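Chains: A, B, C and D, in written order; residue numbering restarts at 1 for each.
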């Protein structure tokens, strides 16, 4: 599927560390591991107990930090952010963490998620005389806290959080403390780890592995944590009965080496492939996956079906930096930059092509044709997740139902549209089985975009979901 | 193994096209596909029949061409080059193609390989009054041709080529013709394709696939091809009885989707894994490969052994651009940038770790420790090629025998050195079986670095192999 | 004197234009003419009646705008700013114009001057729940206006301005109007011009000349102008009896081709030289000036004294971009980058060296030594303004009395300190005579830094003058 | 006049130093002082006795060297070059010094001038089998020397120099010696200085002043100097009876603080103004000069005539870096970037406008109109040099007679064409009187472009003067 629509390929990542003298550098490495969650901008804010220091910029983590003197970002705590942005938001102002200074003290915020009622809250703040500087949801939270009273009040933060509707994982840094909060349904991933005496918080556990930290536990839905020199304290500002962690995190967003809610992502994807092979077998010569996110499922499908797994499609490792895209004329000549079929593998073969999801179907159609042009006798498309038939309001930019191919066509029509010999999806039961294992804590995933059942509801959702991250 | 020594990870790539109005753009895309063969510099020279135009620069293909106006590189033919360079050679002057202008006409050269007697030839040229501008072997060929007579003489080129000793694939462009030559043993890969009426030449067939060209045949050992508006002519300037294509191209250098001498690289690597599983089985829970080049062999090993293949190691996709390497202190804290173990997969497991080769052993040692730190119960190292025990003089920078771990230690010593529970190599027979199939033309591979049997010999080889590409 | 202390060499420049379809480009050229007033950053905000668009950046005007597509800054009105910044303020956030967006409408501000009570006002705003994003005085005005009511109220702006204490020239742009205001004493320069039907406002008239606009009149002290599609309206928010335009604008800051309050700067400087020659004549062979700002006075001194004017000191035109300053060792060897003596002119001569002012005396000492090393027999220093003996609180960074050489030494001591054969200053009467002519409107200049008589007084001035521009 | 045609504003500058441990840094500062002679590129080559090291790049000296680690350019001798280039030559390859390496030793060359028979010599070299890499004359000399025998032979160099026809100042560096040569007529400036025990050579003496070196003597026409650790030796390879130093160096090219052949440039320009006032007086209110190069002459004219000198035109100091030139539409609106009239000075006045020369007349016309638009009652143009009526073949790009206004129009016609009230030139006798004083050594200047009398003649000059520097 390959990230057909903006937002499906990436969303923001947050990182925080408390109690380590190399806080800024470790945050840099942590953001590096979270780079796949956002490539538009990155930033770090540190505190040395007296002063917050910020460095942020547009582009990849390495571009932003390549000439940074880390000795100027000294301090024992830091928070960081990698940003995915829609076109209109691509200004440095929106790159996080956002830093708010005042004579009474400073506050920095890093945020992953989507505040559904941000537009309304923003209007209320402006009517009361506030000036907001960015178009991000994140700034709304800062103003809500400031309005609610002095910066040091835990209640001010809890009151502010209770005004928010949506999915969010927040990290907030002040001179002498760090707060961490997760939305009441736990829609976004957020884990806690330890590195010696230090505490680490990150969107994914792969950020713990890169710095040698050990995973401790999940931040709980509706939990607000406070880290100070005295240690850590936990409180709840809200709580739903069952966590609803976004299923797309398993299917597509997260890195295969991360554990989400105690479940390894690669392993869950392999199980999706296994379930898919059980549900929708087909006779073929080779199984291949659309790189990178569908490889694990393809291996699972191959293992279950006994059909050999082969590298039938290859991704060009350097195209992430491609500035020059082929013109229409050159594309018609056959020029392809991102993905190539491996003729030596697929020629004359019946190919099972595993993809993680289909959104608009245009990419699938292109890949099927690519495989057939390279000599594949048959191409059987197997999607390792249920069809996406509904928009998402929690931080993923899947605009309207009209764009979603699965919402508008039958399997047979789709098969014809994308030129495949057969198409099958994993069932939502199969997906749940692949994700929710005995290891999962506080069971439950959000599959709203596949099932239409939304864990959080509010009137007027469509018009308010204009900002993200 | 992960490219432990300079030169093992990359070598140059060449590309040429004759007879297409989009010659420069297609060369750009071709170089893009060959990017893995050289990341230090790239360049293109075009001809419009009257004039050669050059654009080159240091860095990746995209960096070099990102602000290029291709309308200024118009012409119906072009040659291109991606460069791998040793530290000392990193100047723009050495980036290819080299362009030589004179009042009688111009000449551009792109070259992959190593001229073993370059130092001697250079001295002879200088004694006769020539001034050479670069430290590259490539310039020597230009001067030899110029000295041999007028630029239009085919004999001048053949005489010049016959003075060279070594491994090389040359493409030479003049205002009104393009010459292509391969060394007498065919040590370097070089293929011919078609794109409509146009001819394409490239180091690897993946450069054909990206532009939609079809593979035609190999350039033959000792063959000199001439492309003009009249068509293509072939002649031989020398010829050995058997081709000796570099085995490391299959093991490590080439892209898995390329066919080398009619054999697909991924498929040959998978066969290496299959042979390795037959030769050196071991009881274990998971098979994993060191990404990226060892994945195919790992899949083959898993398929043959029936032990499931898992993603036990993950490569950070963004580290290619890492400017800030962890300090020793941070590395000791556990910070790792390029490769991470997947704890959720290897914890408590007996792991078979497939790597493509071992040179100095330091990387293997690090990966084994990484896996054990992540909880692996046992780590069995299986190398999908024979031990490298001898230096290479044909264009790969493997300095001296002292650096090669396999040349100095027994299997048992190595096992202890790298901390593995067992170590085994693929036999040279196994490697040959994996590469040389019924499809291979003019059979024969060069395995000199593994066996010590060199296809080309000359006295004083060690002191003269100072330049490359 | 050559700008010995930060702030003496530069201060910000503002520009605005209403009613011209090329508003952004004309603002770019206007800022170009004002470049000498600030080299740290530049920016433009335009309005097309519906939307404000911003482009700003750090560095020179040309650096900031070199890749700008002006078609994306379309609109019939624009304001611009060039920024001088003290070290700590060098972030993009502080570069002006500042742009404040809200659901009710947007507002952009450009400001030259210093709000003396900014710290106090900022504290009051923050206590009331506002979040300020920059460390600039300018943002304070925006919040004061926002707090005072709706954006469209002229009274809100007037109330806000009345809360400010200090020296300032403001330009404020909204979607459908432009406001311009000058402080009640008229300490900063601000003129109005016409370009066809369009109105232009700028810190100096040289910005009118570059775009072919004609000078109309001064903005009056305490005046608030409003430009809309209906025309221009003027009102007064405050008014002192006599204008007090900064004398240093004539002595040093402004460009010689500008007219300030109807007096040409070059002509006033030449008169300073003439008065100086009358007050402090000396026998000598040549008169020379320290380039660039002292040339006019030197020519006046030469004309009055009958001693020939010569180029005895030359300024290197390219050092503005000097990244590599000579090491101490090289300076001792005699390496000099910015200023060189002309040996062929001064050798064996008695030299009168005209400078515009002396602050710490270190530069004067260096120039005198330079001239003597080049063979000058005598060096008589003549300063074309009175001694600076008091700090300035109105926007020029002359920290404390201790740093001001003239405040701490007698003429004789200074003469010895800087190694001159004689030293003399222009009297304050002489300076006033050179500036205040029959052309001057609403007579009066601020010479507080020379006389200690401050036109605006407030308790606690020293501690509050921490921000500028 | 303001450099109306390419090449009149700039030509290359050379610098060399022998015997100083800070050779590279001092060369950097020397090039800085010579920056006005070439702004397209700069470079330095050093020797430490064993090895030549090169750093060069396109752009200003500061841009080229801003990130250079001078410790990597260690050595006791160095040569440097600043380059002026015509459009077609703007490649890094042509930036000097050119460095030629060979197994027998290396050689670097820096050159100011024009070899008139370069095209012919280049053809002869190529026919004999040489490959030339650049389009510069300088490389021809290197090949001539190499062809003439071993690098260590002084005769090889003298023979090579004798084959050259034209104007040139060469500096040549090898591992263990430095050679310096001036053409037989001494057309280009080249001086020798001392810095302690070290020797310094430069195009202008301002390069001595910046590093604290003292001027020693001129390099003589046809002289070849050799600097080694044993000291300096001088020989002559050719010699004309009388030196013919380019008069335009005094009129326009050189810095006012330089002494050329013992005559200070500012002083000579002032004398040009004095002579001009004697020859062509006119009643007026103010004298003004076109900055920068005409200021000295204007001061001389004012002093002689008794009419006050004023700053009636001002140059924008930042336009050197202007990327965005006003469109035709904006120019017609009156936008001007480089030069502005000072209305406050010229309004209502009769203005004498001094310029150093007129080439095509277009700039003069623009300035006259500018002054009249600013209110000048009369504008009398006085040119401080004779009319340029003939092309130059010695290194200055004044293409053909057709472009030279003075060659095609009478004074009356010109007056009308440029809109002045009167026009007068300095006579060639006046110019000679201003330059050739009792201090001048080996008297004689080349005024060929004004008089048509060429000091060096050769058939076919026009077609061969295609390269420069």
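Structural remarks
To be clear about the criterion, a residue touches a chain if its C-beta (ideal position, glycine included) is under 8 Å from a C-beta of that chain, and two chains touch if they have at least 3 such contacts.
Quick caveat, the model's predicted, so the values are computed rather than measured.
Separation of subunit B from subunit C in touch steps, taking the shortest path, is 2. Distance from subunit A peaks, on a Cα-centroid basis, for D.
Centroid to centroid, with C-alpha atoms defining each point, subunit C and subunit D lie 36 Å apart. Chain centres here are Cα means. That of subunit B falls 50 Å from that of subunit D. Among all residues of subunit B, none touch two or more other chains.
Under the contact rule stated at the top, the pairs of chains that touch are A-B, A-C, B-D, C-D. Those residues of subunit B that touch subunit D in the shared complex are 92, 100-104, 119, 122-123, 126-133, 135, 142-143, 146-147. Remark: subunit A residues 22, 25-26, 28-29, 32-33, 35-36, 60-63, 65-66, 68, 195, 206, 209-213, 255-257, 259, 263-264, 266-267, 270, 292, 295-296, 299, 303, 308-311, 314, 316-324, 326-327, 329-330, 333-337, 340-345, 374 touch subunit B in the complex.
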